[in-house]
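Working notes, structure below.
To keep things simple, chains are lettered A, B, C and D as they appear, and every chain counts its residues starting from 1.
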Amino acid sequence: MTVVPALSMTGISKAFPGVRALDGVDFECLPGEVHAICGENGAGKSTLMKILGGSYRPDAGAIHLAGKAMQFTHPRQAAEAGIAIIHQELSLLPHRTVADNIFMGHEIARRGLLDKAAMRERAAELLRRIGARIDPQALVSSLSIAFQQLVEIAKALLLDTRILVMDEPTAALDERDSRTLLNLVDSLRGDGVSIVYISHRMPEVTAIADRITILKDGRKIWTRPRDAAPISEIVRAMVGRDLKDFYPAAPASMPREVLLSIKGGTNGALRDVTFDVRAGEIIGVAGLEDSGKGALAQALVGDAPFTSGTVALRGQPIALRTPRQATAAGIGYLPGDRKREGLALRQSVRDNALLTLRSMVGLLTRPQRGALADGVIDERLRAMDVRAADFGQEIGTLSGGNQQKAIIVRWLAQASDILVFVEPTRGIDIAAKAAIYETMRVFADSGRCIVVVSSDMPELIGIADRVLVMHQGRISGDVPRGASEEEIMHLALGLADAPSEETGA
Amino acid sequence: MTADIVKPKPGVPVAVLLAGLSIGFFVVVALATGETAQLSGQGVTGLLQRMVALGLVAIGQTFVILVGSIDLSVAALISAVAVLASHVMQGDPAMMLPAILVCLGLCVAVGFVNGALVAYGGINPLIATLGTGLIIQGVLAASFGALQGSVAREFQIIAYGGVLGVPYSLLLLATLSLCAAFVLDRTLFGARIYAVGGNPDGARLAGIRTERVILSAHMVASLFAGAAGLYLAARLQSGTPWIGRDGIYDLESIAVTVIGGTILAGGKGGVAGTLAGVLLFASLDAGFNMLGIDAFLKQVLRGTIVIAAVAVHAVRAKGHVA
Amino acid sequence: MTLRTLLATTVALTFAGQALAQDFNDPAEFKKQREQLSMTPQGPEGQPWAQHLGDGMVETAKYKKDGQVTLCFSNAGVFNPWRVVGLNNLNAEAELHKDRLKELIVVDAEGKDDKQISDIEALVSGGKCDALIVSPNTTAALTPAVEAACAKLPVIVFDRGVNTSCPVTYIHPVGGYGFGITSGEFIASKLKKGDNVLALRIMPGVDVLETRYSAAKNIFDEAGINVVGSEFTGSDRAKTKSVVEDYINRGEKIDAVWMDAGDTATAALEAFEDAGLPYPVISGEDQQDFLRKWQSEKLTAIGPSYPTYQWRTAVIAALDVLDGKQVPGPEWVLPQPAITEDVLAKYIDERMPPLHYSLCGCQELPGYPERWGGK
Amino acid sequence: MTTVPQTSPSRHRPARIAVNAGLVIFIALYAAIAFLQPNYLEPGLFMNFLRRAAPLVILACGQLYVILTGGFDLSMGAVATLVVLAASILINGDPDATWAVIGALYTMGIAVGLVNGLVITFLKVPSIITTLGTMLLVNGLALAWSGGAARGDLPDNFRNLGRLVWRDVPLIGTLPLAALVLAAFVALAWFGLSGTVYGKRALAVGDNPRAAELAGTPVAATRILAFVVSAVSAVTAGILLGGFSGVSVNAGEGLELQAIAACVIGGAQLLGGRGSIWSAVFGALSLFALFTLLNLLGLPQALRDSIQGLILIAAVGATVWRTRRRT
């Protein structure tokens, strides 16, 4: 007996001017199945999901839901057909309540009049179902990213959702919240929901997916059950080659003199943070979402400065009250949210790479002088292997990996000594990840240093020379290279003095 | 997920604070200048009557700003409606209803064009509505010679009549304000406005036909401008092509809306704040009169107060504004 | 329906340019004002602000009030230099009557009808005023408010009128037709049949300005003088100069320039200077800059006026009413003199700013010339 | 994850498109003018056209700085009025005072620009509201100072800045001084945007102020400087206006919206991030050519407003359409 797939997409093709984004892709998802899609950026995952969600219309191909042919011209029709998509970019209303957000577009109303009480009640029910203890009347702007993600999921569950698409749902979540989410996915599967799961985090994919489909360059490579798809196979299929040496080797020499020294750094989110960063070192910072690891990065780059404590650069006390001061002191910043904080999307690749250099030279400097010249920066961009047909093209048209590399070039051009990276590989494909790790190592080995804040535990373990673990605004521990995820999790949960079983999961 | 996220305790709303300040200013000035008669029922009614025209326009403006747009064409539309109403009526009470219908029809049309340009044409709302405003203003001035007329005496009751000492115009403003507040707070349309203004992409993905919401908000703004135009026609007996422009209803309606705490980006704010902003302007008008402040100095003070009033709540905002 | 109405009005009216002129062409009023221009005024010699044309007087005994009084003035606004000079006249006149006047309350409507109505209502309900002077922003709009005020206290209206006879008196100079007649006839007398005149106007649709043009246009048509263009300048000097330059560049021969207000007359003349052309015959107004230019360049010109001294008359009338004296009414028509070449020198005062209106009747008032911006 | 693959061939260069849009519209309109009145092709009349367009072009250049950084400046018309009134009061007919007074005028302008910039960056009041406030404030101050009407006189050496025309100049026939001022100002404005790093900083700030801040850009200073440049352009335009036609209380009325419209017609994007000095220059010339054309056509004054509105919508509509077609 064959089960009728809840979703079946056959022969889907879609072309954009000059590009075939999808070429005859087949994809199906059974009821109660978690089906992961993997692929590099530009492989066509997002396009496929936008077609499913009704944002794009396919050039060719058919969509069947439970055997019935469908055609969507507006996201609304897809939603009505039982498809819900949780996007990577949160689509919430910060100034409205949680209940308002959950019911956005699907308010309970009679003849145009809202039934607020009913919505509150139903919202509370949904939040309970996913184990989120959030007051439906709280303002979304008062929630952390992780909680906002849960609101998004509640939103999706509101509808009679038969197909739930999750696009990088854990990208903004730390380890603990990710696990909660995966448990939730598991329980939804039990309820018979079909889940299309898109992620770059391989361990997650292999842990949760029933089947895995690989896309590359707009084509489907294969679909296999989880057991027939070890991570190495997936990676090879995605990038078309083996990636054995994913993380660069540890440095040959020992860390040298202290570059940056923080003593008693304290502000609203941090308490008494003290540590040194040495030349040649990559320091990882781990912690849960609200542990203060993000705040530490912001403090180091002067965005949310320490209110007390001292910062010394090569032994000289310095002030880091604004990002500009930090930049002048040689500290560079790769923000976690590239689009909002990292890039001027409508400016060219070159302009984005030159942004800091241009900001730090004298106002009347000629724009083509010395290091500011097109040729010089182009050389640097090429050296970093930023792939663009023309460095004069808008950076918004580049893939995430290339965008990230362009930001790194920005700081290399400025000759910064200390780089603060936040989630440097979030939403970036594997090949670009490897290149970025390599760059980080080379940078550190040249006698400079990197502080990398990440929620991706394997990444920290693989790249960092030591990892500072944060808990409730304090540094709860400092583990050397080679530590296990369990050790770090233990410290992150604030259990340093009382080891417990639950962290081992 | 162990933390309990609870509803925050609300502080004093902007609207209440602003209204309190305005009334305080008015009372203090009246006492200080010995104009105690202004604190009588009649004086206060006069003060509130100053709110009507700007109040009506500003409520409409609140809708478009909430949805993330803006409407600069309201001033021209007010003039057009006032002129058209007086022309169609020609003093004949029997023509009151047709005149009102024609005017509201015009508003719907203008709102539709504005909304279509912004929502479907993708044209920046400032430019789109500046353009339609210019077009209306031009056609109006060009054809005004043949659009003479005056409204019916009976129609002027809207502006001059009242019940139990309360002018109908105030009742009109109060009713329409309550309706607008109700629509924003309690109806599907209101929820959609906040959704589209707060996060257009999110709203679209949630299945909301954002273009329609923007279009509708523009129609609401135009209709409210039309209501202001009709009120002014009743109050002034006949319209001229300049009443909207001379009243600076475009910029002032935007100013009071922002003063009232509605943010220009959209998605946050409401009618109560806007009305408080209108009350501030009315109190300033009345207060400056009592103080005998010279017209030019008045302009200086008003400019300063506009900036200061917005700065009070803007200064705490995080991030950049442009 | 709306669309059709709109379309119909647009098509029908836009392309029928004369429509405007006809609305303000009242032959009876034209004739009346022409007669008034040649009447001999009654009243004190040499004080045109206290004079009047015609015989009508009104009794005011019922308004008599002893002791110190408070006058209230609802002003349409001070949005042009004419109104600035006028307001200074009014304030200075009030100063002359310090012993009788407790207070003069001036309220400015900033050119907004709606605000002026509220202002009047507030003044009346405030209970401080013994008499109310109104300079209405718009005739029709202010009528109901003035009517309501009449029921409570004596009202004097000046400049623009209201559509009610309830005010004690309505003070105004002869009027727009008179202005157009004086300037039109002068230009017609200096030009030949078939000569060209360029009409420069402030804005369309304002009654007091439309009647000026309609009167002059009638006269030009009668004399066979060709109006090559009628342009609106919005009182903007740059625009005035540009408009005239455009006509010059187009190769039009312009023999005369007629203006419905003189505040940009010197700008119009500069266009001829810059093009290296001789000055045309011109009608301006009584502004100092125009008069000085006229004198220094020996222009063929006339300066009709819409005298600002009527602002003085308003205070005089209000106090007379509170004294219970007879005042000219229900319309107090003031003489409307024009400045001609023979009296030109008398009106020039080098101390005064360029846009000072010479027929202010203010030379003897307290604070002259500083109050009016003079040195 | 981006939806547009990295090999996308649809690249475009904002600056070049802006030049094209503004320049093309200008050439078309000027051709129409010349068709109606061929002597506009003579150098003399073209120079005169430039002389009269100079204030608007200069204002548009200043406004462009602000638009690039994502803001609006509604106060520039009021500043121009202030300049004209203040000049006549301060100089009061004394030619020796001219240059000192011009210095004072620039000081006043810079002060207004600083106030705008500081309020916007530090009090976080949106620029449309801030400059609406300063518009009222500056206009009120100017009128209060002058008493509501023109006072004093402008001597010839001041007037010449906007009025003097050299005749019998080789090649071009006549040369207005204002055209030289225009050329100099445009050159300076161009230098500011393209000859220094400022222009790119401004674009980045207008595009994404948060990203620019984190990359070390002095966002506040960049914004404030834009408002100062805008105010300086308003002072310059005011001097030319006063020179061209003399003192009046409404010298600058409505110019702010015309300047914004000019930039937009030239292809600059409201709310920042796109545009070049040529957007402002050719946008303003286009707008002024449109005014001239409508005058020549002899349309009723009022309808000229309508046509201006139509053109404005059409110009922006065309840009939107082009952008949409590209993606």
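What we mean here is this: contacts are C-beta pairs under 8 Å (C-beta built on N, C-alpha and C of every residue); 3 or more make two chains touch, one makes a residue touch a chain.
Keep in mind it's a predicted model, so treat the numbers as computed, not measured.
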{"item": "Of all other chains, the one whose Cα centre sits farthest from chain C", "value": "A"}
{"item": "Distance between chain centroids, defined by C-alpha means - chain C, chain D (Å)", "value": "36"}
{"item": "Length of the line joining the C-alpha centres of chain A and chain C, rounded to whole Å", "value": "72"}
{"item": "Interchain centroid distance [CA atoms averaged], chain A/chain D, Å", "value": "43"}
{"item": "Numbers and ranges of chain D residues touching at least 2 other chains", "value": "148, 210, 213, 300-303"}
{"item": "Chain B: positions in contact with at least two other chains", "value": "139, 141-142, 144, 294-296, 298"}
{"item": "Pairs of chains found to touch, sorted by chain label", "value": "A-B, A-D, B-C, B-D, C-D"}
{"item": "Contacting residues of chain D [partner chain B, same complex]", "value": "69-71, 119-120, 122-130, 132-141, 143-144, 148, 206, 209-210, 213, 219, 223, 257, 260-261, 264, 270-272, 300-310, 312-313, 316-317, 320, 324"}
{"item": "Residues on chain D engaged by chain A in the complex (per definition of touch)", "value": "1-14, 194-201, 203-204, 207-208, 210-218, 273-274, 326"}
{"item": "In the complex, chain C residues that touch chain B", "value": "1-3, 5-6, 9-10, 12-14, 16, 19-20, 22-23, 77-78, 105-108, 110-115, 117-119, 121-122, 125-128, 138, 140-141, 143-144, 204-205"}
{"item": "Chain C partner contacts - residues on chain B that touch it in the complex", "value": "35, 37-38, 40, 42-43, 46, 49-50, 53, 84, 102, 105-106, 108-109, 139, 141-148, 150, 156, 159-160, 232, 235-238, 240-243, 246-247, 285-286, 289, 292, 294-296, 298"}
{"item": "Parts of chain C lying in touch with chain D, wherever the complex brings them together", "value": "14, 17, 78, 80-81, 83-85, 204, 229, 231-232, 234-238, 240-243, 245-246, 249-251, 263-264, 266-267, 270, 274, 289, 353-356, 373"}
